Amino acid sequence: MAGDRRRIQGPEVTVAPIIIKSSDKGKIQLTDANGQRRDGRNLEDIRPIFLKTGLISQANGSAYIELRRTKIACGVYGPRQTKIPSFSGKGNLNCEIKFTPFSCLKRRQPYRDAQEKELSQLVFEALAPSIRLDLLPKSTIDIYISVLENDGMASCFAAAITCASVAVADAGIEMLDQVAACSASYIDGDIYMDSDLVEEQRESGSLVLSYMPSLNEVTHILQSGEVEVSLTTQAIEQCTDTCSKIYSVMNHSLLESVKNRIQ
Amino acid sequence: MVKEFESSINEKDFILQGIKEGLRLDNRDIYDFRQLGITFGPDYGRSEVTLGNTRVLAKVSCEVMRPYQDRPAEGMITLSTEMSPMAFPSVEPGRPSEEEILVSRILEKAIKRSRAIDTEGLCIVANEKVWSIRVDIHFLDHDGNIIDAACIAAISALAHFRRPDITVIGEEVTIHSIEQRNPVPLSIHHMPICVTFAFFENGEYVVVDPTLQEEQIRQGDMTMTLNIHKEICALSKAGGTPLKMETIINCSQIATTKAKWITEQIQAALDAEKSKK
Amino acid sequence: MPPALISPSENDYILRGVDSNIRADGRGRLDYRQIILETGLITQASGSARCRLGEGTDVLVGIKVELGAVELDGADEDVAAIKAKRGRVVCNVECSPIASQQFAGRGADDFNNELTQMLDRVLNGPQGGLNLEKLCIIPGQQCWIVYIDAIVLDYAGNILDTIFMATRAALYNTKIPKTIIQDRGDGEIEFDISDDEEEWERIEGWDKVPVAITLNKIGSRHIVDATPLEELTTEAKLLVTVNKDGKVCGLQKSGGGSINPSLLNDMVQTGRSLGQSLIQSLDEMLQREENDINLKRARKERIEKLGFFAAI
Amino acid sequence: MNTKNIVTPGQRLGFAQDYVAGPGTYVRGNLLYASVVGMKRVSKQTAEGETLVLTVSREKQQSAIPEVCSLVSKVIRITPKEAVVSIMVVDNSPCKEDFQGIIRQQDVRATERDKVKIHESFRPGDIIRAEVISLGDARSYYLSTAKNELGVIYAQSIEGAAMIPISWQEMQCTKTKAIELRKCAKPF
Amino acid sequence: MSSRLELIGPQGLRTDGRRFNELRNMNCKPSVLSQADGSAYIEQGNTKCLAAVYGPREARTKAQVLHNRANINVEISLAPFSMEERKKRSKSDKRILEIASAVKQTFEPIIMTELYARSQIDIYLQILQFDGGTVQICINAATLAIIDAGIPMKDYVCACSAGCIDDEPVLDLNHLEESNTPELTVALLPKNDKITLLQMESRLHIDKFQQVMEMAAKGCKEIHTVLDKAVRENIKDLLKKSSI
C-alpha cells in the first residue's frame, strides 16, 4: 500500500501486543452478582457526561465531550461560501470525523481511511435533519470532529453526534432541534446501555440511535448483530429515553455558556 | 497548466511540403537518423545520449533486495522515467502524463519483456537475496523522438554498468567494494533498439526519427524495437492513421538496417570508452 | 458530474402516487420488480452470481477464496483467542462507469466506500451467517479469506438490495477446496489442498446470510425497490437486513431526513416480513436453477447459461 | 438579566396562534420552537388586538450570510462588464469569511444604464455599499448600487490618499486635489 | 524460458483444443445496458468484456474541449475477480492506462469526431473475466458499442491477436499462450485492409513477422463477420419490436 511518503515509516506489518493477564483472574465478568457492571453502573445507566462549549477560539462554534475514557472535540466553521462552485438553494453540510493516530487500540494512519469516510457520512445523515439548511443558500457548514480517545466504537460514534450537535448550536446556526445520540449493546440477550470497549468486544450486536427529543423524530439509526425484532423495539425505546436525558445535559451546557458570557 | 507550444499553419505546411518532396528542415534524408552522440562516465553505468537536440541521461544503480515470491531466483530490473518541466514545459510535475506512461511502457517492453538482461544471473541466494538493477532515465532536452534516445541511453548505460563482485559461501554473502575486486558487467542477451516512424498524409509518407515539430504534425506513429539478430522485440502502433500492410513491412526492413547501425554506434562508443581506460 | 435533478412536478407526482398506492410502473408500495438471478458465470471465481432487477439495476458478484493469515489482535486475550480461530471475509463494491455517467473517474469513490462499508458491516460479524470458524485451517496461522467483490453494471435504483441478493446467491455458488491437515509433531502443522472438485464444499452458513430491504420514506409512507426518480423523492431510507429466521441483522438509516419512532417500528416490521418472503423466493430460484443443471447434466445436454443476455 | 429567558434550539416557546414567529424561531404544527441559543423576547404590545412577536436573539452571532439587504464590500477586480467584489459585512454584522459578489454593468446606477462604464464607477480597493438583488450564479451573488445611498463610501486616489465625494459621480483627493470618477454613495 | 510448456499437443492441437488458425468461441450482443447510449457485451473464449458508450455530450471539463472535433475519453476497469489471483487494480495502473490510450487513439481517426465539435464521447470498458487478449476484446467491444450508440464511424475496427509457437503462426492467443510466446495484436479496418493498431511483445524473428501479421489480419476479418451479424440481428429485433 502506498503510504504517506513524507512521514517516517515503521515496519510493514506491526501487531499491537496482547497483554495476557494472570490466569487466576479468569474470564472478565461483565456484571457482578448484583447485576452491576464493572464500573458500578446498572445495565440501563450511561457513563457520566462532561460537555463544554467554546473551546476552540478560531471556530464559529465548538464543543468537547468526555464519557470517562471517550474524549471527543468538535469545531464548526461557517456558514461560509461554498468552495466548489455549484449552485444549490440549500446549504451544504460537510462533516469530517478523524480518529487521532493514538486514539484506538491499534495505531491509526494519519490520513483518512475508509471507515472514517463512512462515519463522516453517517454523522452527516444524523445531523442534517436538525439543521435549517434551507435558510443558507450557497453556503457551507463544515463540522470537524476529532476523536482523542476511543473507548468503544458505537458509543464513540454516538458521543461524536451529540458533541457535533452542541457545537452547531454554539455556532448560532439555526436548527430545528438538537440531536442527542446514544448506543446500546446486545450481550447475552441483555441490553447494555453505552457500553465501553471491553463490553463492546463481547457484544453480539449494537444499536446507535440519534434522536431529536423535542420533535420526537429519529434522525439516524444503525444496528448490527442478529436480533429479535422485539428486542430491537425495546432497545429503541430505551435509547430514546436515554437520549432525552442526554438532551438535558446538552441544554445545560449551552445555558452555562450563555450565563458565563453574560457575567 | 501551460499549453504546449504549437507550430503555425505556415510552418506546418512548409514541413509537410518538404516531406512530400523528400526534404527535411535539418537537411536529412527521410530515412536518416540525426547525429547520434553517446558519452559515458565518469562512473560506471552512466550514459548521456544526444540525438540532434534531444538529450537523455541514463544512470544505472544496483542494490541487494529480497526477490518477488513468485520469482525467487530472478533479479529485478526497474525502469524509471520522469519527465520534468525542464524538457517538457507542458508537463505538471508529480502526475505522470499520458505520454510518459506510453514511453515508460515501451521501454519496459523493449528491455524487460524482451529479456535483454539475464535476470537469473542476478540471483545471489534464491528466495533471499538478489540484485535489483535500477535504471533512472532523465530527459534533459526534448526535440522529438525521446523514445529512441531513451532506449539507446538505457541499453548503453546497462552495457557500461559494472556491479560489485560477490562471493557466496553457504548462506554467507560478501560484497566486495570496487577497490577490492574488479566489478563485473551485467550479462546482456541482446541489445534492443527502438526505431520510431512518423506518418503523414494518411500514411502515404514515412519519416524516421521525427523532430518535435514533425511530431506535432504527424498523423500517426509507430515504434519498432529490434535487435541485431533481426528479431522484433516489441512493436507499438497505438492507433493513429490506418496503414497498409506493405507500409508496415517496408518499415520493418528500414528498422533492421537502422538497428544494426545504432548497435554499431553503441559498440563503437563502448570500445572507445574502454580503450580510454 | 452533477447529481441527477428532479423537478417539483415529478416530485409531486411520485408523492401522490405513493399516497394512493400506485407507482409510475404500476407497482404497489411494497412490490418488487422482477428478479433475475443466475449463478456461476465467472469461471475464474470460486463463486459468482448476477442479479438483475426489472429492466435496470444489474449487479455481478464474484467471490474468490484465497489463503491468508488470521487476524491477530483484540482488546484482551479472550477476544484475540476467538479471532485467531476464524477465517475472514473481505467485501468490496465498485460502481462501474458503464452503469451510469455519475460513476466515471473518481465520481464513484465515496459511494463505493459507503456501499462497501454497509456490506462489510453486515457480513463481517456474528449476524453475517457464515461460519467463520470453519474457514480457519490452522488456528493462529492460516485461514481462508473470502473476498466478495460486487460490481454494479447497470443502475436503475435500489442498488443495495440487489448487491445483497447477488452476494447471497454467489455465496451459495461458492465452493471451497477441502484441506487435509497433517501434524508433523513439534507444533508444526502442514496441510494439503485437495484438487478433486467433487470434494469441494459450500461455505457453511451461506443460507443464514441475510438479505437487505431498503425502505424509502416518501411523505408519511414507505416503499420498497425504488427507481432512481423515487430515490430522489425519498426523504430518508431505512436499510433492514433480515435472515431466514426473521431476525433483524442490521438497521441503518441514510439520507437527509428523519423518521418518527412509531413509523420506524412500522418500517422495521415491514422489512422483516418482506425480507423473509424474499429469501424464500430467492432460495426457490437457486434451487430451480440447480435442479435444471443437474437434470441437463444427467441427460448429457449442453449447459447454456443465459449470461448477460438474459431478459433484455 | 434573567437566566430563565435563555432558550436552546428545539425548545417549545408556546402556541403558534398566540405569537408571530420572529427571528430565531420557527413554527411546526401548531407550536412555536426556538431555533437558536439565546434570549427569548416578546415585543411590547402597542395596539389593541395586535399579535405579539416572539423573537430569540442570538447569544452568539452566526457568521452572517448574504441575503436581500444592504451590505458593505470591497472591490477586488473590474472588467468592462462587471466589478467583482468580496462581501465583508451583511446588514451590520460581519462575515467571518468573505463571500464573492458581482456588480454587473447594468446594475451600477438606475438611469442611463447603457452608458455606464465600470472603470468610471469603481476601482479595485474601493469600499462600497451595495444591496443583494439575486442569489446569482454558482459562484457569485449579484449586487446592485442603483440607489442614491449606495455606491463607493471609501476610496483612495492614485496618490494613495483618501478621497472625499464632491458629487454623485466624482471624488476628490485630499492631497493632490485631483478629481477621479466614482459612483458615490450619498452620505447619511 | 528453460522449462518450456507444451503449448501444442501431439495431434497438433493447442491446450484448449483449437487448431492453429482457429479463433476462440465468440459471443457478442449489442444493447445490453439501460443507461448507456450504446453498449455491448463480448465473450472471446474465457475473456469477457462489457462496453458502454455515452455521448456525444457536453464536455465535462473545459480543459477537454476541442474546438474542431469531439474529445474521446476511454476508461477501462478490471473486475477484482477477473484474474487467477484476486487483485484490486487502481484506475491509474500503467498497463490499464496504456490500453485505454491505445483504444482512444485507435478510434480517433475512425469516429467522425469532426461532426461533434466541442463535445465529448465517453467509452467505458469493464473487463469481467480475463484470459488473454485484453486489447483486442476492448477494441471489438468498443466498436460494437459505438455502432449501437449510433455514432457515425468510417468502418468497423476489428482486432485480433496472433503469435508464433514452434515457428508456426497461431491465431487468437489465450492467457497461457500469450505469456509464453510472442504476441502480435492487430486492429484492422476490414473494408480497406488498413491497419490502425499494431502491438507486439516478446521476441519474433523478422522473417516470421509478415506471416503472423497476415494470420492476425485474417482473424480480424472473421471477427468482422461475427460483429456484423450481431449488429444486423440486433437491428432486425429492433425493427420487429417497433413494428408491433
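What to note about this one:
So that you can tell them apart, the chains are marked A, B, C, D and E in the order they are listed, and the count of residues begins at 1 in each.
In the analysis below, a residue touches a chain if its C-beta (ideal position, glycine included) is under 8 Å from a C-beta of that chain, and two chains touch if they have at least 3 such contacts.
Values in this document were obtained by computation on a predicted structure and should not be read as measured data.
Take away chain A in thought and the touching chains that remain sort into B, C, E | D. The minimum number of touch steps linking chain A to chain B comes to 3. Chain centres defined as mean CA positions place C nearest to the mean of all protein CA atoms.
The distance from the centre of chain C to the centre of chain D, with each centre set as the mean of the Cα atoms, comes to 53 Å.
In terms of their C-alpha centroids, the spacing between chain A and chain D amounts to 38 Å.
Computed centre separation for the pair chain C/chain E is 31 angstrom, with centres defined by C-alpha atoms.
If you sketch which chains touch which, the chains link end to end in a single open path, with no loop closing it. Inter-chain contacts occur between A-C, A-D, B-E, C-E.
Only residues 1, 98, 101-102, 104-105, 109, 113-115, 203, 219-220, 222, 226-227, 229-245, 248-249, 252, 256 of chain B touch chain E when the two sit together in their complex.
Touching chain E in their complex are the following residues of chain C: 1, 42-45, 48, 55-56, 58, 60, 62-64, 66, 92, 94, 96-101, 104-106, 147, 149, 151, 153-156, 307-309, 312. Interface of chain C with chain A (complex): residues 2, 72-80, 110, 113-114, 116-117, 121-122, 125-127, 236, 238, 243, 246-261, 264-265, 268-269, 272.
Those residues of chain A that touch chain C in the shared complex are 15-16, 18-21, 27-28, 86, 105-106, 114-115, 117-118, 121, 125, 128-130, 197-198, 201-202, 204-205, 207, 211-212, 215-229, 232-233, 236, 240.
Residue ranges of chain E in contact with chain C, taken from their complex: 27, 29, 31-36, 39, 41, 43, 46, 48, 50-52, 54, 60, 75, 77, 79-86, 88, 91, 122, 124-126, 128-131.
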